Structure formats: C-alpha cells, structure tokens
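Structures given as structure tokens follow.
Two complexes follow with chain A in common, the first pairing it with chain B and the second with chain C.
== the complex of A and B ==
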C-alpha cells in the first residue's frame, strides 16, 4: 500500500508538469490580453486530433505530427485573437466569456461532425520504468521532462528577448508600453500564438497518455482553471505550485478511492483553500 | 517649427477638455506648460502622444500631420513621453526598463550605445541595473523614467509633472536634469507644478486654463506678467 501511494505521488508530480504547461498558457493570456480563455481545453482537444490523424491516416512520425499540431494551434490562437477577441477587447467581461463559450460549442461540434464521438488514442508500447520498488509510466516521465524543458525555454524567451520583455511589460502597464513604441495588438497576437503553441505541446504529451474525444477539452479546462485560481489568477509561480498539488492529489486519491471520487476530492480541496485564501495561494487581493 | 498645434479641440465623451489650442514648440528649446489642476495639461500631452485624437484642428510634427497616428507610431517618429509618476514596469529590472525603451526599430540596434550614454548621464542607474524598478525610491524612479524615454532616440520629449511627490531637493535635481537633456540637443515640453523653478530653465512658456491657452511667450514676458506672478509664482 505504501508503495502504491509513493508511486501515485510520483506519477502525480509527473502529471503536474503537463498541467503546469496548460496553466502557464492560461496565465500568460490572462496576464497579457486580460481575457479568460475558456476554450483553451478545446485547443488541446483539436491538437490531439491533428496528431492522431497525421499519425494514423498519413503514417507520419509522431514527433513531426506534434510539431505540425503546435504550428496549427499557434495559428489558431492568432485567428481567435483577430476574429473573436479583438472586436471584444473593450466589451464587458461577460460578453467575452459568452463569445468564448460559443467558440467551445463550435470546436466541439466541429470535432463531432468531422471525427465522430469515438475515443481515439495512439497505442505506443512504452515500458514501465522501475525505481527500486516504485514504478513510473514512461509516457508520464517523457511528458514531465518535456513540460519542464518547455517551461525553461519559455522563461528564457520572456526574460531574454525583446519580444518576451515586451510581453511582460504589457502585462504590467498597457498604457506605458505604447509610450515605448509598442503596438499592443501585435503583442496580443504573439501572446495568443505562444498560448496556442503551448496547448499544442500539452496535446503532444497527452497523446500517449489519453484517448481523445470531442469533449476531451472540457474536463481539462475545468481542471486547468481550478489550478489557475488556486495559484492566484495570473500568478505564474502560484500556478506552477498548484499544478503539482492538484496532480498529486488526483493521483493519490485515485489510488485510494476511484477516479470519479478523486475528481470530487480535488474540488473539495479547492473549495477549502478558497474559503481560507479567496485570492489563491500566491494571489494578491484586489490586485486588479 | 518642430511641433505645431493648430486649433486643437478634444473631448472626453461629451466633456470638452481642450478648446482651440494653438501653440508651437521650437527645436532645441524647453517649453514649460503651467496651469491649475484640470486645465487640460495632461490631456494635451495625451493628445500629442496619440491616446486621444482631436475632434478638430491638427497637429504637425516637422510639417507632417500626426494627429491620427496611434501612440506607438508617435514614438517611432520621434516623440517620447514621460507620463506623470513615471509609469515604470515595476517587475522589470532597471536595465530591462531601459531595454524596452529602445524597442522602436530605429533605436533597437543602438541599444548598447544609448545605454552607455544614459548610464553616463545618470550614473545611479548603472549601479541599480539589476534591481527591480518598483523597489527604487521616488526620485530614482523619475530619473529612470526620463532615461527610459531617451532610449527611444526621440527628438521631442514630453515630461508630465516630473517632480510630483518628490522632496524639495529632488525637485530641483529633476528639473535641472531636464535642462541637461536639453543641452544634449533634445527639445522639451514640460508640464510642471513648481512653475517658479521650471521657468528658470524655460525658453518659452504658456499658461493653460480651462482647456484654453491664456498666455504664451518667452520666459521674460512670462515672468513679467502680473496674473502669472500672482497665481503661479506667489510673488
């Protein structure tokens, strides 16, 4: 039993890495564009379908298929910004949320019509790795390492390049960046492209773990938003920590109880933390 | 004439903030704008910077019409603004604040050179290069904001109340900095509450009241005016 829980903890940490990737994308878009990207999970769903069909129908290498999926989702992020969000930038938040809820309906039904309701997964025969008496799934380990490397690359991008610094500056003061000669609309497009690529990377790492179906995104959107709010909206470090908390809690409670109950345990923990710290773990009260 | 404002009126919704403003800024000069709170001083700067577009009238920069450009374009053509309070990026380091100041294409390749010049002009910033901008004192923040505006390689620098909230010694220091910048060849339009100190470094000045230009002239004429003396210089 002890070993089961230890293994579950380890797998939870690994899952947390991929969740951290999704949460980073959401926080980036919220921090810079000031929009709550409700349809983010559907991006992941579309990305997984793209990979699935490139690999199964076109016999493409899964690595190349993943890169193509990232590019497509990056472009989709730009289109979303231009078509849906730009016209609503100055609208009340509720209108933005409704528009994005509409995007969810469009994406899910499009997937249903194009690809049907079947669960589709790629069977990769990956070994289970043993560390002494602990076992770890290779797909989780690969996902974790990939997620951490992506987060490192992203941190470098945001800290070392002109574009990255412009993105951070935009999150801090929208008026002021325009006085630096920066066009905010341009920053929004780059941010959405980055967010799209991140969802594509998450999709790539999810592909060996989960089977995709048209409603795959909803479950992850809920989980991702719980993590974002738990960490404090727009707080990168908070989101990172919360991703691991939720990953581990889900994993352990799934071993101790069942997958269904595990989800409600996540929510119970979420509600309890919200009661004590409504601004999130690292959030600042009334910061915006 | 570097900047020409001709009969500019501007509104916030239905509220008229600027009423038929006409002024000119000469190259290489420091122009001071004085006036009570709510007279439209900041609004005029925001209109020049492109955040607000005039309802009527026009703004010319080096003879070209600029009043329909977006704020980021205004910076690209050579007009930088230091907004009130500096509006630094508090979670970026001093150096990154300066780096983002050199974002416009014409300034970016010269970043290292501009950085050297700015460090020479404001040595404190070299010492503080890696500190987060938000952790500096008020005076240091204002110095950084001014330095940052120079990183874009501007021709004209707009300064909105650079001495607000500073200790008296620092006020003199910041106003003298504006004068140092002018000597380096930049043209300056400065809004300043401390009219008496600001006028010491002015070439020309104008008085804005209720969105209208009430007085305009060179420094001597301005200092000699009775209304200005009573209301703004406390003499």
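== the complex of A and C ==
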C-alpha cells in the first residue's frame, strides 16, 4: 500500500507538470484579456490533431510537426480574438462565455468532420525509467521538463522583452497603458497568439501521452480552470504550484477510490477555494 | 402603457393561447407535436433559470438541479414505485437543499459575478461526476430507462404524446405566471437593487443573503421539477443530457438569445434555438454529418455578437424606439 501511494505521489508530481503546461496559456489570457477562455482545451485538441495529421499523412518529423502546430494555433488565437472576442469586449461576461461555448461546438464538430470520432494517437516507443521499484513514464517526465522550460521561457519573455512588459502592464492597469501609448488591441492580439502557441506546446507534449478524440478538450478545460483559480488568476508561479497540488491530489485519490471521485474531490477543493480565498493561494486580493 | 395597447396585448395573448390549445386537435404530424412539447419543457426550465439570471445571478450549473430532480424521481419510481408527482416534490426539495447549501455559502462569503458563475459551473460538473461515480445505483453514463406502466395520470406516464403537450404547457404557463408575480412584488425591487450594486443595497437595509437565497431556492426547486417532466416525457435519463457542462451552458444560451430580462424572452429563445437545431439537423444532418453542427455553432456565436440583448430584447427596443419616434412626430404635427 505504501508503495502504491508513493508511486502515486511520484506520478502525481509528473501529472502536475503535464497540467502546468496546460495552464500557462489560459492563465496569460485570463490575466491580460480578462476573459474566461472556455475553448482553451479545444485549442489543445486541435493542436494534437494537427500534429497527428502531419505525422501520419506527410510522414513529417514530430518536432517539425509540433512547431507547425504551434504556429497554426497562434494564428487561430489571433483569429479568435479578431472575430469573436473583439466585438464582445464590452458586453456582459455571460455573453463572452456563451460565445466561447459556441466556439467549442464549432471546434469539436470540425474535428469530427475532418478526422472522425476515433481515438487517434502516435506510437512513440519510449523506455520506462525506474528508480528501485518505482516506475516512471518517460513521456510524463519529458512533459514535466518541458513545463519547467516553458515556464522559464515565458518568464523571460514577460520580464525581459518590451512586448512582454507591455503585456504585464496591460494586465495591471488598462487605463494607464493607453496613456503610455500602448494600444490594448495589439496587446490582446499578441497575448492570444502567445496563448495559442502555448496551447500548441501543451499539445506537443500531450501527444505521446494521450490519444486524441474530438471531445478531448472538454475533459481538461475545467481541470485547467480549477488550477488557474487555485493559483490565483494571472499568477504564473501560483498556477505552476497548484498544478502540482492538483496533480498529486488527483493521482492519490484516484488510487484510493475511483477516477470520478478523484475528479469530484478536485471540484470540491475548487468550490471551497472560491468561497474562502477567491484570489487563489498566491493571488493578491483585489477589491470586488 | 395606454389602455388601448394593453387591451391589444391581452387580445394577442388570448389568440396565441387559443391557437396553441387547438393546434393538436387539428392532428398535425406527431413530429411537430413532439418538437413543440420539447420547446415547452425547455422553455419552462429556461424561464425558471432566468428568475435568477435577470438579477445578474448567473448560474452555469442548473444542470445539477435538473439531474438531481430527475434522478431522485426516477430512482424512487423504478425501485419503490413512488409516483413521480411525489418524486417531483422530493426531487425539487433535494435540489433546493443543494441550492441552500451552496447558495448560503456563496452569498455569505460574497461570491458574485464571474466567481458565482464558475462555482455553479463546477457544481453542475460535480453532480454529473457523482451520478457517474455511483454507477451501481444510477447506471452511470449508460443512463436509466423509466419503467413503463402504460397510461396513468398518477404515474405521469402516457402512451400518447398529446398529454405531455398539455401538461408541459401547463408548467410553462405556471412558470411565466410566477415570473409576473415575482415581477410585481417587493422581492423584484430588492433583487434588482442587489443586482445593480450589492453594497449599496445592503447599506439601505436590504437583506442580501435572504433575498438571493429565496430566488435561488425557487429556481432550483422548479428546475428540478422541469427535470422530472423531461424524464417522464423522454422515459430515459443519462448524466450527459441532464447534468454537466453541456446542458448547464445550453440553458443560459436559450435565455440570452431570447432576452432574459423579459417574460417572453426565454420562451422565444428556446423556440428559436430548438427549431434552429432541428432545422439544421434535418436539412443538412444527413448529408454532411458534423458540418451541420459547425454551422449551428457559428450561428450561435454570430447571434450572441449581433443580438447581445437577445431576440426579444432587441426587437422590443426597436419597437419602443419606433413608437417614440412616431409619438414625437405626432406631437410636432399637433404643435
């Protein structure tokens, strides 16, 4: 039993890395454009399909396919911002949310039309690493390292480049940046593009782990939101840490009970956090 | 409103009601009756959703209440032979209890706006997961079929769809009627004040938690009864169609696209969405599978962008503007 829990914990930490990948883009869009991006999981789903398509049909190298899928998703993010979100920037939050729910319907069915409802995956033979009697899946380990590298790259981008600083400023004070001569529309577009690229990165690391199907995204969207809220909206480090918390909790409770109960526990944690500490674990309380 | 336009409106209403009552007697296709019954049931659910929605209490988790009501009633009926009418009551109470727990916690801690929407979204998903988790009782995602007893009013089961047509119409009328009652009461004024600015409302002595809980409980209870009605009509439930994110988002969709600040908004929105869905499914569904749904999604997004106040809201705005313009023209002529 101890062995089981120990290995569940280890797998939970690695799962946390995988989930953290998912959360970066969502967090960025949440913090800057201030919309609840309900269709983010569907972005990841489309990215995985693009990689799958390029690899199986054009026999492309998986690395090149991943880069292409990142570019496509970045463009898709820009498109989404221009067509759906820009007209709705000033409308009530519910309308934005429902428009994105409509986008989910579009994306899922588009995937269904193009690639069918089957589970699609790429077979990659990766060795299993083991420490003593603990087994670790290499694909998880790769995703874990990828998450850390992505976080580093994102931090550098947001802190060291002009555009990154503009993005952070927009998140903090929309009125002042306009006085400083920054056009928020452009910042939004760049943020959406970055968010799209981040979802592409997530898709690339997900590819060896999961098989993709049209409803793949919705399974992850709510989980991603739980993590974002838990860490504090727009707070990257908080999101990163809470991804590990959720990963470990999910993994251990799934071993002890069943997957549905594990997911329910996540949701209950989420509801409790919302009630007691809506700014998240590391968030700064704003006046509401 | 002038006396004449009031009478005109009453007259229109009576004609509409009569034509709806007579329609099934003209023996149209059963398909049409089915679609209209469907519209009635969902209109009822959407209308009771908008009891809350119109006061900026946006719940994205009404699937939870639907699911609880439906499952309590169907389990009581299938296992203990208890009439769905009683099941409706108990299911409604179950939903209201859940609403009480979550609502009290939310309102007490001041969870409003987006946060409230997200909490309720999680609630809907939570109930769906719970139904899945206890699959040896509820049948999990395979769903459950209602035991058949033939035609019996006591068991709310009929072999002919026409009965459901009238019963769901009755429910819808009740929902709309209750809207009017709430609209004319003090509660509406208090809740509107709260919806506009909670702190200001509290400062003049409006009991925020009490009023918000009241409307949430009513909405949850009635939504659960709608879930039972739906179950009796479809004779089949599963967590996907009754709880979870999909249906929880579909309800506000209908309300928004109709115009959730008007009595008729939800009904019009539901009629529009359901007929659109059916039209697209029948016209294009067989020829290009999936494409029809892409089309439908695109249409929904476009409607949200171009009709932010919903069909009824936009139309009535236009109407009022036109009437105002006419009135001012007449005044000019008189002077």
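Points worth noting:
Keep in mind that, in the parts below, the second predicted complex is superposed on the first by the 274 of 288 C-alpha atoms of A that agree within 3 Å, B and C clash if a C-alpha of one lies under 4 Å from a C-alpha of the other, contacts with A are read in each partner's own complex, and residues count from 1 in each chain.
The working rule: a residue touches a chain if its C-beta (ideal position, glycine included) is under 8 Å from a C-beta of that chain, and two chains touch if they have at least 3 such contacts.
Just so it is clear, the structure is predicted and the values come from calculations on it, not from any experiment.
Of the two partner chains, chain B is the only one touched by A:169; chain C is not. Set against each other, chain B and chain C touch different numbers of residues in chain A, with C touching more.
Residue contacts after overlaying the shared chain place A:106 against chain C, while chain B stays out of touching range. By the touch criterion defined above, A:180 lies against chain B but remains apart from chain C after alignment on the C-alpha atoms of chain A. Once the two complexes are laid over each other on the shared chain, residue contacts for A:36 go to chain C alone; chain B is not touched. Within the complex formed with chain B, the residues of chain A that make contact are 162, 165-166, 168-169, 172-173, 175-184. By the touch criterion stated above, chain A contacts chain C in their complex at residues 36, 84, 87-88, 91-95, 97-99, 101-106, 108-110, 112-113, 218, 222, 225-226, 229, 258, 260-261, 263-264, 267-268, 270-271, 274-276, 278, 288. Those residues of chain C lying in contact with chain A across their complex are 53, 58, 60, 102, 105-106, 109-115, 117-119, 121-123, 125-126, 129-130, 132-133, 245, 249, 252-253, 256, 288-291, 293-294, 296-298, 300-301, 304-305, 308.
Residue ranges on chain B touching chain A, taken from their complex, read 49-51, 70-72, 75-76, 80-81, 83, 87-92, 96, 99-101, 103-104, 107-108, 148-149, 152.
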